[in-house]
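The structure is given below, and queries will be raised subsequently.
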Amino acid sequence: MAHKFFPKEEFLLKGHAACPGCGAALVLRHVLKALGARTILVIPASCSSVIAGPFPKSSYSVPVLHIAFAASAAAASGIVEALDKLGEKTFNVVVWAGDGGTADIGIQALSGAAERGHDIIYICYDNEAYMNTGIQKSGLTPYKAWTTTTPRGNPSFKKDMPGIMVSHRIPYVATISPAYPNDIVSKIRKAAKIRGLKYIHAHIPCPPGWRFDSSLTVRIARLAVLSGVWILYEYENGVFRLTGPSRKLVDKSKRKPIGEYLKLQGRFRHLSERDVEELQKLVDERWEAIRKDIMGENA
Amino acid sequence: MSKVKVPVARPVIGAAGKTGIWRVSRPVVDYSRCTLCGICWLYCPDSVVEISEDKKRVVIDYDYCKGCGICSVECPFNAIKMVREEVR
Amino acid sequence: MKRMVLSGNYAAAYAVKAAKPHVVSAYPITPQTTVIEKISEFVEKGELDAKVIRVESEHSAMASVIGAAAVGARVYTATSSQGLLYMYEMCWWAAGARLPIVMGVVTRAIAPPWSIWTDHSDILTLRDSGWIIMFAASAQEVYDMTLQAYRIAEEQCVSLPVAVAWDAFVVSHTYEPVDILDDEEAKDFIRPREEKSLIDFEDPGSLGNLTYPDTYQEMRYDISRAMDNALSIIRDIDEEFGKKFGRKYGGLVEKYLCGDADYIIFLVGAAGGDARVATNILRRQGVKVGICRIRSIKPFPYKEIIDVCSRAKAIAVLDRSSVFGGKGPLAVNIRAALHESGINIPVLEVVGGLGGRDISVEDFLEIFRLVIKGKKGLIWWGLKGGE
Amino acid sequence: MSRGEEPDILEISWYGRGGQGVVTAAQILVWAAMLEGKYGMAIPFFGAERRGAPVIAYNRISSKPILVRGSVKKPNIAVVVDSSLIGIFDPFNVVRDNGYLIFNSVERPEVGGRKNINVSYVDAVKIALDIGLVIAGIPLVNMPMLGALAAVTEVVNVDSIVQAVPKVISSKVEENIEAVKRGAREVKRL
Amino acid sequence: MKRMVLSGNYAAAYAVKAAKPHVVSAYPITPQTTVIEKISEFVEKGELDAKVIRVESEHSAMASVIGAAAVGARVYTATSSQGLLYMYEMCWWAAGARLPIVMGVVTRAIAPPWSIWTDHSDILTLRDSGWIIMFAASAQEVYDMTLQAYRIAEEQCVSLPVAVAWDAFVVSHTYEPVDILDDEEAKDFIRPREEKSLIDFEDPGSLGNLTYPDTYQEMRYDISRAMDNALSIIRDIDEEFGKKFGRKYGGLVEKYLCGDADYIIFLVGAAGGDARVATNILRRQGVKVGICRIRSIKPFPYKEIIDVCSRAKAIAVLDRSSVFGGKGPLAVNIRAALHESGINIPVLEVVGGLGGRDISVEDFLEIFRLVIKGKKGLIWWGLKGGE
Amino acid sequence: MAHKFFPKEEFLLKGHAACPGCGAALVLRHVLKALGARTILVIPASCSSVIAGPFPKSSYSVPVLHIAFAASAAAASGIVEALDKLGEKTFNVVVWAGDGGTADIGIQALSGAAERGHDIIYICYDNEAYMNTGIQKSGLTPYKAWTTTTPRGNPSFKKDMPGIMVSHRIPYVATISPAYPNDIVSKIRKAAKIRGLKYIHAHIPCPPGWRFDSSLTVRIARLAVLSGVWILYEYENGVFRLTGPSRKLVDKSKRKPIGEYLKLQGRFRHLSERDVEELQKLVDERWEAIRKDIMGENA
Amino acid sequence: MSRGEEPDILEISWYGRGGQGVVTAAQILVWAAMLEGKYGMAIPFFGAERRGAPVIAYNRISSKPILVRGSVKKPNIAVVVDSSLIGIFDPFNVVRDNGYLIFNSVERPEVGGRKNINVSYVDAVKIALDIGLVIAGIPLVNMPMLGALAAVTEVVNVDSIVQAVPKVISSKVEENIEAVKRGAREVKRL
Amino acid sequence: MSKVKVPVARPVIGAAGKTGIWRVSRPVVDYSRCTLCGICWLYCPDSVVEISEDKKRVVIDYDYCKGCGICSVECPFNAIKMVREEVR
């Protein structure tokens, strides 16, 4: 019955060029369903430039501006202001950018657009590495994860990109996961109603990049949430709120051990038990901070 | 002097070709188990699960289904089996 | 028509005001800054109804006008030197996407070392990118050319971005009389952008999709053809402007006394004025010299140049840009033109005026003397301590 | 006038799908040729690389250094690693007269009207599955195909392939070599 | 010496390993990525003792090697296409600061539209910047040239950055036999960087201070002289390498059967192999043709080119890069060289092979046929649907 | 006696090219005193490129790499790694960048360097506009301030750059003011002892840019602190601490009204009383959040 | 051979310090020339612009359109807005024979050995202070100097300057005009 | 072939010239009020206040003092007066 509660129309057309089991395709499908036809996508260099399919065809049935890697939020700024000046009334301008295109090379443009407050829905689809070029470490690659440029595990920590955007004091920041499409649709729709730059960060399991069987995309996404590695929340005008299954996970006993999430993925195969414990500790600390935050608020 | 041809790509199904041939395994629905819950539709990244007009059947478009197996893993009623494609 | 005393940069801002763009987006850099300051002032005073995007870098400046132009807006941006280099990727993007963006480029030397003075190395980096590049030599020409640039860019058989360049300080910050069009005159010359948006909700399309080796080259060829079309469009619009407002510049090149000249200096930009004075001096002495100022760097006016050279005995070419391990960008093109048409005259290739180094009337007199003496090959001009 | 006029170059096209190891096979072939004192080149054509998506690679093998780098248009040998691709590529028509067509197939392949070529086939999937060479659900059929190629044509010896395998592959080396050998043994000529 | 089967990109990585840089900093982009993946692997396996900086963009990649080189480190980076354009400002910086940086550039078409295949438009954007640009045509040459690049860059009379370019896929991802130097051989050829750090705590100095119009031009002239010095340095090092290891490429240009050739094609890059095959075919038919592959794009080898042309009846020049509103970068320089030395032969200017479009032996045969027939001027080659 | 407690040696030599009364020169003078001779400065395009004086002279008597506007943190990354590899042991690599070079064009490089954790002291000297080019709005220009590109006041809010850097989870973030040189020296020295990227944000009154008499630089800097507009604090490993005079200002009654700070500056001359009230409210809200934070911690 | 050979161009150099309004003065002069049907150009030389730091600007005025843009090396007129700059610039030696030197000075300036020039001076500081034209502590001496220039030389009339002032200046217009007039009145010839 | 001249600038006092001539007003110390507290030294952005060898005197280097007036405003003992420079 799930299909009854979701918009029917498909804007991500079948026969696109994503790998089998691509989490990005799945999230984009629901994002576009939530927003409908009057949506312009701005897509920087990324897997999604390829998923589009080669000229003269496109698998996206909304208008798309493909753009250089660092440029998406700036291009979107121009589109929004131009459409506004040209008298268009109802439309969504959506940046659909990877983790590299958001947290690394694209952060300047994003930060600038956020400061100026253009009416943009900026979605970072975070498959935690540069996938289009073949799995290199990005600023959002998790600590210790294997990539081709970190053959023995990433020595850096994953940037807290939503946190950075919260520090930009934009009106809406949220996280989403392909395992929870209803959460996606409701957050995207909420974002569409708010004026200013909205930042939404999607967790995107990627079978070839994370080295798992393509059938496990949703399962892994779900485990990320249930183990507390990926936290579903939103910040509305600075007010923090856990959403969906994450709401219950402040209590550590409700969270699955992180090992369940890690062990399905080849990129974590080299981890020792100590490593897993270290990662578990980091997750727990993160939640402890959230707990304090929420308590503080209640107090 | 000729006008500009601006290189605009247009939406079509199968922009990357008949992606069905990418498939290694094929999802096969066991209609006896299927409750039409729609979960497979919900989670298919390739938009190839359709719930047929008369709402009686889950139909997979094998021309484009890449055989990722998500539907099979996610079906709460175990109604989708992945069957190895013949290597012709 | 109204006469005002304006700097080159203010003249650009007045032209932009007359063109009524929807979106202006730029990032400050000396010596371009006063262009956008003036535009900001027009907008805040309500004299220009445009959106100003105060971007965080030049890469974003160009990206944002690309976005705006792609959905049908008329746009403006301006930059210099490091700014142009920083937005370089997006400049190629603008041309590849066939967007009729107009950009002002106040030429300035490239760092390191830091230098804010004129030098054409920056604008010349655009010459392969698909941008049309026009170079103005006075505040008046900056005004006229900026307006014309919109017409050229938006011609349906062109549809390419146009850069209008002018020299730092000697034009950008130099105040001189400029004739400004009245609103009616401007409206008559420059109509709203015709073309409908590339990106349309009713008939959605995508701009920029991946091309396999079987489709890419044809798209580049289309740009090449558009560039060829621009040759006559630039001439025609110069003519039309001349008929309407009484000022024309000769289209692709501005010839000064070239008709019967034995010796000609080719150059670009503001030094053309000083060169003309030198020409006057020599003409008074009975020496037949002339100046050919190249206004259109892209498309490059081979035909005009051959024409000018067909009667000359020897020429000099002044490249006001860094020349490393080869010949200067102008010299090489002019020599190629001469080769193609079998004109076998000596060419003196002069590199000079870099980083704001003055090139004066005396310098041009001296260069003419060398040309007359038959000097050829490449020399660096005006080095302290000599070559 | 075709490239064939550059004497002594053997051209091979590989047709497969992402994940089957086509590029690796072409690379091993160059090593094998080198071990025999020959020259070789392996030229992958990259599109959007996706698991399951069509992939093509070329080899050139010669006793002299190879100069040509353009794509192979009329190969001497076509190796069809995945027969499901026949609709997309056209191995039948491209192969030169007296050339070779080698299929990964359980059964005798249909060759249509094409005469004047040597056709053979091997059940590479079975070999890969038997030996346990499967990655992410895809049987690694490249090794048996290499074996078959070496056995059926004179490009290189099977032994050279066997020696070349560890130069490129670092895990399951023994199994891969076994797969090469079985491919060589089990290939059938039409 | 050890022979391996390597792709062009892996060959570059092996050369870098042999050169033992202190700092490697790069950003992924197809088709360059496997270069830095391989280097990362060497470092993580302990086979190369270098710091790898996994930067967040190409602008930062070049900035970080600039920083490292300025304090005396040997460095490496690599990129392609958009990446090169994105770091463009910093490329000019590297040259202006006279830093002996070595960079690999895997040539790829510039977007939009997206294309990942070979096209020389990207590397050619560096040609005014003060970088030495060498172009390799095989995996072996990528290896050899990358090693030599360090020697050239670090020569005290040069001290300029060197880019080593090679074609996407047909070289970068094509596997072929490559001879790799032993550690001892490499050590003998390439010593540690001599020059002391520019930035020194004992004798502090600043790099890049503002220059007024009275000082800038001389600094540019110094680069020009260094570039001229590089002409012979490139030749000498090619000779030395040849003597030591038995492989040489002719220095600035690689001539193939040019000695007595009536018709010659000039080109750059991997297509040179196919062109040679066409030459062989025609030679067997008794037609005297030859190929001149330009290896050094900067400094540009005018002397060698004139030399090669002095006996030719007609030539063609292949520009594998976008040519808009003018002549191609190679064609224009070659024509200029011919003009300067008064060589009045027909030149066929061919633009083609863009965005990975194949240029095959047949194409070269056809081009030769046109040259022989006396065809001249500019043509686009291999367009679907014709010009 | 003040001079007795500060290092004697001057590394910012007299006869430099800063405007009379330049706050940037004053802070840089103390920063260099605090760090000493074994310090490399990396300076992107900014007033400080000019303050250096023209070639062949330099007014900085430490090694300096002048670098492109967007590039400073990346260049510093390369310097640190190179010096380390070359065997140097004790040195400070300091980025000295303006607000534009930090929060706008330079944020990509800064964010990347922070994520990788190079051993850099990054100092943003924030004169709240692009001053070198003649007073244009930057991402750190205060709300409603006049600049030449915002002739009627800046419509955007000042980015919380230290907050953004705290979100990057670097080991040390601090703010400083030219009015409190002892605070400068102690924070800079603390930063020099911590490994990783340290971010220090200096408030820099600028007479021509802010339109005030050059004699008032220190007075205005002090008023900024005492009115609570500029807050002196440090974050050490995520722990927040007010420093110096700001410690006492949680109590609103201790804070001077913001009007005292604003009225001295021409850039705020156009503000109405309502505007001033609005700005006062924003300051008070900021402090209220700090109060809650600190209370939360104490609780 | 000097630029002077281009007939009919009057060249003026202004020597001042940042904040004294030198560039504005040069700009007003072009307006004034234009109002008289002449052509003019004002060329500021920008270094690091700092309050108090030396600043230089050039004017060219002619009855014909002006082509030359190079810096002025031998002006017909030098206006020394700030005499403290004499050590840095050399107004005495650059001015052409029969040219003009105009100083902002309380007293008769020292002109050293230079003959053949017309020297005058005006106490512009006093005028600016009297009228209240001071910004950030610096008296705006540009207006009196313009007035003096117009009075002493034939470049433009004082009236034209008065008319030109409001084209460039939007606040304290009356005061500025008053300062021009007083400069014209109070200038003293040596 | 000549070696590279790398364009390195060297530290000198007066890189921007004798900046004392920029001064509009001159800070003059009233030694009778001065307590040698050092505040003027601390806050001078131009590093031109020196506390003389014998520690008895605050000395301002007028060759380079730009006359900003900060010392005068900040001196807790009102010991520094700004005196208008003669416009010579």
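Per-chain residue numbering starts at 1, and chain names A, B, C, D, E, F, G and H are given in the order in which the chains are listed.
To be clear about the criterion, contacts are C-beta pairs under 8 Å (C-beta built on N, C-alpha and C of every residue); 3 or more make two chains touch, one makes a residue touch a chain.
Bear in mind that the values here come from a model prediction, so they are computed numbers and not experimental data.
> Could you name all chains that are in contact with chain B and with chain D at the same time?
Touching chain B as well as chain D, we find A.
> Would you mind checking which chain's C-alpha centre is most distant from the centre of chain H?
Checked the centroid distances; the maximum from chain H is D.
> Could you tell me the distance, in whole angstrom, between the mean C-alpha positions of chain D and chain E?
Computed value for the inter-centroid distance: 33 Å.
> Roughly how many whole angstrom separate the Cα centroids of chain F and chain G?
Whole-Å distance between the two chain centres: 41.
> Between chain A and chain G, what's the gap in Å when you average each chain's C-alpha atoms?
Computed from C-alpha means, the inter-chain centre distance equals 63 Å.
> Taking each chain's centre as the mean of its CA atoms, how far is chain C from chain D in angstrom?
For chain C versus chain D, the centre distance works out to 55 Å.
> Hey, what residues on chain C touch two or more of the other chains?
In chain C, 30, 54, 56-57, 59, 82, 86, 89, 93, 111-114, 116, 204-212, 215, 219, 358 touch at least two other chains.
> Give me the residue numbers in chain D that touch at least two other chains, ranges are fine.
Touching at least two other chains: 48, 50-53, 137.
> Among the residues of chain B, pick out those that touch two or more other chains and give their numbers.
Expected reply: 7-11, 16-17, 19, 22-23, 66-67.
> Every touching chain pair, please?
A-B, A-C, A-D, A-E, A-F, B-C, B-D, C-E, C-F, C-G, D-E, E-F, E-H, F-G, F-H, G-H
> Give the list of chain A residues in touch with chain D in this complex.
Result: residues 17-20, 50, 54, 134, 207-208, 213-214 of chain A touch chain D.
> Where on chain G does chain H make contact in their complex?
Touching chain H from chain G are residues 17-18, 48, 50-54, 82-88, 104-106, 125, 137-139, 141.
> Residues of chain D touching chain A in their complex?
So the residues of chain D in touch with chain A come to 48-53, 136-137.
> What part of chain E is in contact with chain D in the complex they form?
Touch list, chain E to chain D: 3-5, 30-31, 116, 167, 169-171, 173-177, 270-271, 273-274, 276-277, 280-281, 358-362, 365.
> Over in the complex, which chain C residues touch chain B? Could you list them?
98, 156-159, 198, 204-207, 209, 219, 222, 225-226, 229, 232
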